[in-house]
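One structure coming up, written as structure tokens, with questions to follow.
Going in written order, the chains are labelled A, B and C, and every chain counts its residues from 1.
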Amino acid sequence: MTLAAIAGTPGAENIARKTPARTEALAAYGLVAPATILLLGILVLPTVATVVLSFTDWQFGAASLNWVGADNYGALLGDEVFRKSLTNTLLYVSMVVPASVVLGLVVALLIEAGTGLRAFYRAAFFLPVTATLIAMATVWEIMLHPSIGFINLVFDAAGLGKHNWLKDPALALPTLAAIGVWQMLGLNMILFLAGLKSIPRDLHEAASIDGADGWWSRFTTVTWPMLGPSTLFVLIISSIRSFQVFDTVAVLTEGGPNKATEVLLYTMYQEGFGFFRAGYGAAITVVFLTFVLLLTLLKVRLAERRVHYS
Amino acid sequence: MIALRPSLAAEAGRHAALMAGAIVMLAPFVWMLSLSLRAPDDIFTQELHLVPRKWDAVRNYLAAFEKVPLLRYLLNGVVVTATILVLQIAVAVPAAYALAKLRFAGSKVLFSLVLFGLLIPAHVPAIPHYIMLSKVGLLNSYAGLVMPSVISVFGIFWIRQFFLTVPDDLVHAARLDGMSEFGIVWRIMLPTAVPALTAFGILSVVVHWNDYFWPLLIVTSPDMAMPALGTVYLRNTEAGIDYGPLMAGVVVITAPLVLFFLAAQRRFIEGMTLSGIK
Amino acid sequence: MSGVTLRSINKTFGATSVLSDVSLDVGEVEFLTLLGPSGCGKSTLLRIVAGLETHDSGEVSIGGRPVDHLRPRERDVAMVFQSYALYPHMTVAQNIAVPLTMRRLRPWQRLPLVGAVVRSVRERRAEIDADVRRAADALEIEPLLDRKPSQLSGGQRQRVALARAMVRQPRAFLMDEPLSNLDAALRVQARAEIADLHRRLRTTFVYVTHDQSEAMTMSDRIAVMMGGRLLQVASPGTIYDSPADLRVAVFIGSPRINTLDGIAREGGMVEAGGIAFPLNSGLLAGASLTVAFRAEHADIAPASDANGEGLPGEIRQVENLGADVFVHVACRGSAQPVIVRVTPDGGYGLARGQPVRVRPILARILLFAPDGRRIEARP
């Protein structure tokens, strides 16, 4: 831009006049330089490298590497475990995202609807976000214990019988999803609370005067439309996070029983770091990234239509 | 939020629903504490009770510390998360200021790059990171634990959104008063951004203290484990079936963050609401 | 030597031109006000002088020295912002001290605790403290020195902003609507204080406002701006009595100046509102022009007046403000009612719907060409 600025303004006096703008730009480059270098070096280039790696047969520690084109992807298509893993991940996301977003919104609305015990409720719902998931997964494991687990004791007391939550192929994934919702709900609630706080009070008052005085009509005329951007943000954050499900799988089920909880990151971890097939692991990562990006873009598209034109 | 007073019934319903939810959310914490205080035969029982009938807290907690170096894990957690946070802020604040307040060619490109970076989960570049670190011999080190998180695109985005709400005139006044751009970043922008930085700091600490994936990949000796990985080490000792010490260890691992959050709660909420996400 | 000089300043934001060919000379000890409606480019011009905004072409000099290539801090000007722009995390004393510490202490000397160790730094800090107290004293804000800006009222914040500007004796003061956030009573008081400050400091003041009473009461000269151009630069009296442009005449003065569509006639006459005035416009017969006069430069006569002089019309409204009465008269040739100021006695007996004649004082009638330019009328 400095070149363009000089080229566009003939005469030495004009160059001198541009100096304040140029010093501003120079200062800006100095300030963004560390971030830009690190952004490229730590995020962008390694991501590109992952993509490149996915077209090779490289293994950790191997001296050579061969270009294999789309072979890894071809192998993925034929890989029973991978197909299961992809389906499971999508299933997991489709259970966790709606539940944690809707519950997060409901809790936020309920907390804001009154004044009593606000701080307590906020803290109670947010606590699982701050607690180490691996550690809490261990607690959940004991709570889900087939014979002595708290949950089974409660279920038994209620006459619903005991279940082997983590070992039953039909129950394992939904159980992990429930833990996921438990863990993520609080963050969504906080984000919605932030969105609710940013709605000007007069807007609610204006809506009441305009006749929207019931709780539901006020919600539909003011709260929900004004929450549009927050909702989009929450949706994106929670789908990206739930796509990354790994911790609970790794410690509670290790993908079992019978691959019922095999998820993408866990498969990638096993292939890449368990079996040291870096190329294959990279291909799984690329699929993972593609799905995350596609899903996010889709949501942004859908939301843009509504947020802007409603 | 509403001018009208809600009816008594509505208020009671609100409390009933929220209280039920809160009980579910808190149940694992309560259960964890309860188990960490009990003797083995009080744990392996088919009866449901919260208050221990046979106390064995001291043995449980001592055993937890004996089996694995819990304090070492906590120390690792503090060192790594603090280093990450300081570096993230040092890198993100100047960039966020430039993106929010300065005009320079390429700012749009850089910001799009930041937005794109927001969508890339930390696991995606993990394999190349691993290769890089093993090339320079930094696996199983603090540097290796810190490296992938030095840059937080979320931090840049978040702080930029906050800086957008700072009036331009404040920056102009500082320039006329004789500050350099560098001085403006650290003397004006940073202090005004404290609420946003608090919220960001809490999120960053929570994420890295609790991270399991990355330490799992690069940590090879028990003394470099981060808290989450340490929990798994504890599980893998025979304590895995001795629930009392296991729960005691889990309490020790989770307590610092939970207490930290409870102490900083008000500032955190304030920071979240002040910041640009709306 | 002069205070601030602007030569043919041009500025565009994207495709829209915000300033076109602005030239202005502000004297070394002059109080000059930039006056104009919202969005006319006043703030932009002021910020170009401060170096906060770059201009596309033209030249700015301060104290006779071209400053186009200088950064804001090197221009030695102080600015008071409409929002005051106080640093929210610093106390009042720290706020006022910032311009001094930035200039008198090197970066390493500003680090905390250095003052405790190095004697020269300690001495300089003491000097700075003394200067801060002096400035605070002058503006009577000493008791506030330890407070944060959020603990101050609007008027107090405004004084702190003034103190921060005057503490280092800059070559020129730039003020961008510094009073617009104050209530009416406080504004009148602050106005007097700023004028007083100018008398004491005897430096260049460039003051931006869209409030004409501020401009009229405080300034040595007023520069009236509209649509990014300077229309007239003159003393308040001249601007009011002898506007160079119809837009200036209309913008200045309350109530608004009366305007009538007129036509130049042969023999040094101008016809407007159905009657002919003996005014020599120097234009060709048949040329259209605008006839304007202020409310206080006319009186009301009964319609039945025998000699029938004055603009015939009908009273629409009688507005009694106590000391003055404004009579609104619908006349031919004027889209809006013509407003005439009369004394309460003179207004007695006037009523809505009554036919009257408006008699402007011939010598005070102003003529403007269709492009808005003033035409000197020779009666």
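A few remarks follow.
Operating definition for what follows: contacts are C-beta pairs under 8 Å (C-beta built on N, C-alpha and C of every residue); 3 or more make two chains touch, one makes a residue touch a chain.
Quick caveat, the model's predicted, so the values are computed rather than measured.
The chain with its Cα centre farthest from the Cα centre of subunit B is C.
By the count of C-beta pairs in contact, the leading chain pair is A-B. With centres taken as mean Cα positions, subunit C sits 55 Å from subunit A.
Rounded to a whole number, the gap between the C-alpha centres of subunit A and subunit B is 15 angstrom. Residues of subunit A found to touch two or more other chains are 21. Counting partner chains per residue, subunit B shows two or more touched chains at no residue at all. In subunit C, the residues touching two or more other chains are 51, 71-72. Residue ranges on subunit C touching subunit B, taken from their complex, read 47, 50-52, 71-73, 77-79, 81-83, 85-89, 98-99, 102-103, 107, 164. For subunit B in complex with subunit C, the touching residues are 167, 169-170, 172-179, 183, 188, 191-192, 194. Against subunit B, in their complex, subunit A makes its touches with residues 1, 4, 21, 24-25, 27-32, 34-36, 38-39, 42-47, 49-50, 53, 60, 103, 107, 110-114, 116-117, 119-136, 138-140, 142-143, 147-148, 150, 153-154, 157, 182, 185-186, 190-191, 193-198, 201, 204-205, 208, 213, 218, 229-230, 233, 240, 243-244, 246-247, 250-251, 265, 268-269, 272-273, 278, 281-282, 285, 288-289, 292-293, 296. Against subunit A, the residues of subunit B that register as touching in their complex are 1-4, 6, 10-11, 14-15, 17-18, 21-22, 24-29, 31-32, 35, 43-48, 90-92, 94-95, 97-99, 102-107, 110, 113-114, 117, 119-132, 147-148, 150-151, 153, 156, 180-182, 185, 202, 206, 209-210, 212-213, 216-217, 227-229, 231-232, 235, 243, 246-247, 250, 253-254, 257-258, 260-262, 265-266, 269, 272-273, 275, 277-278.
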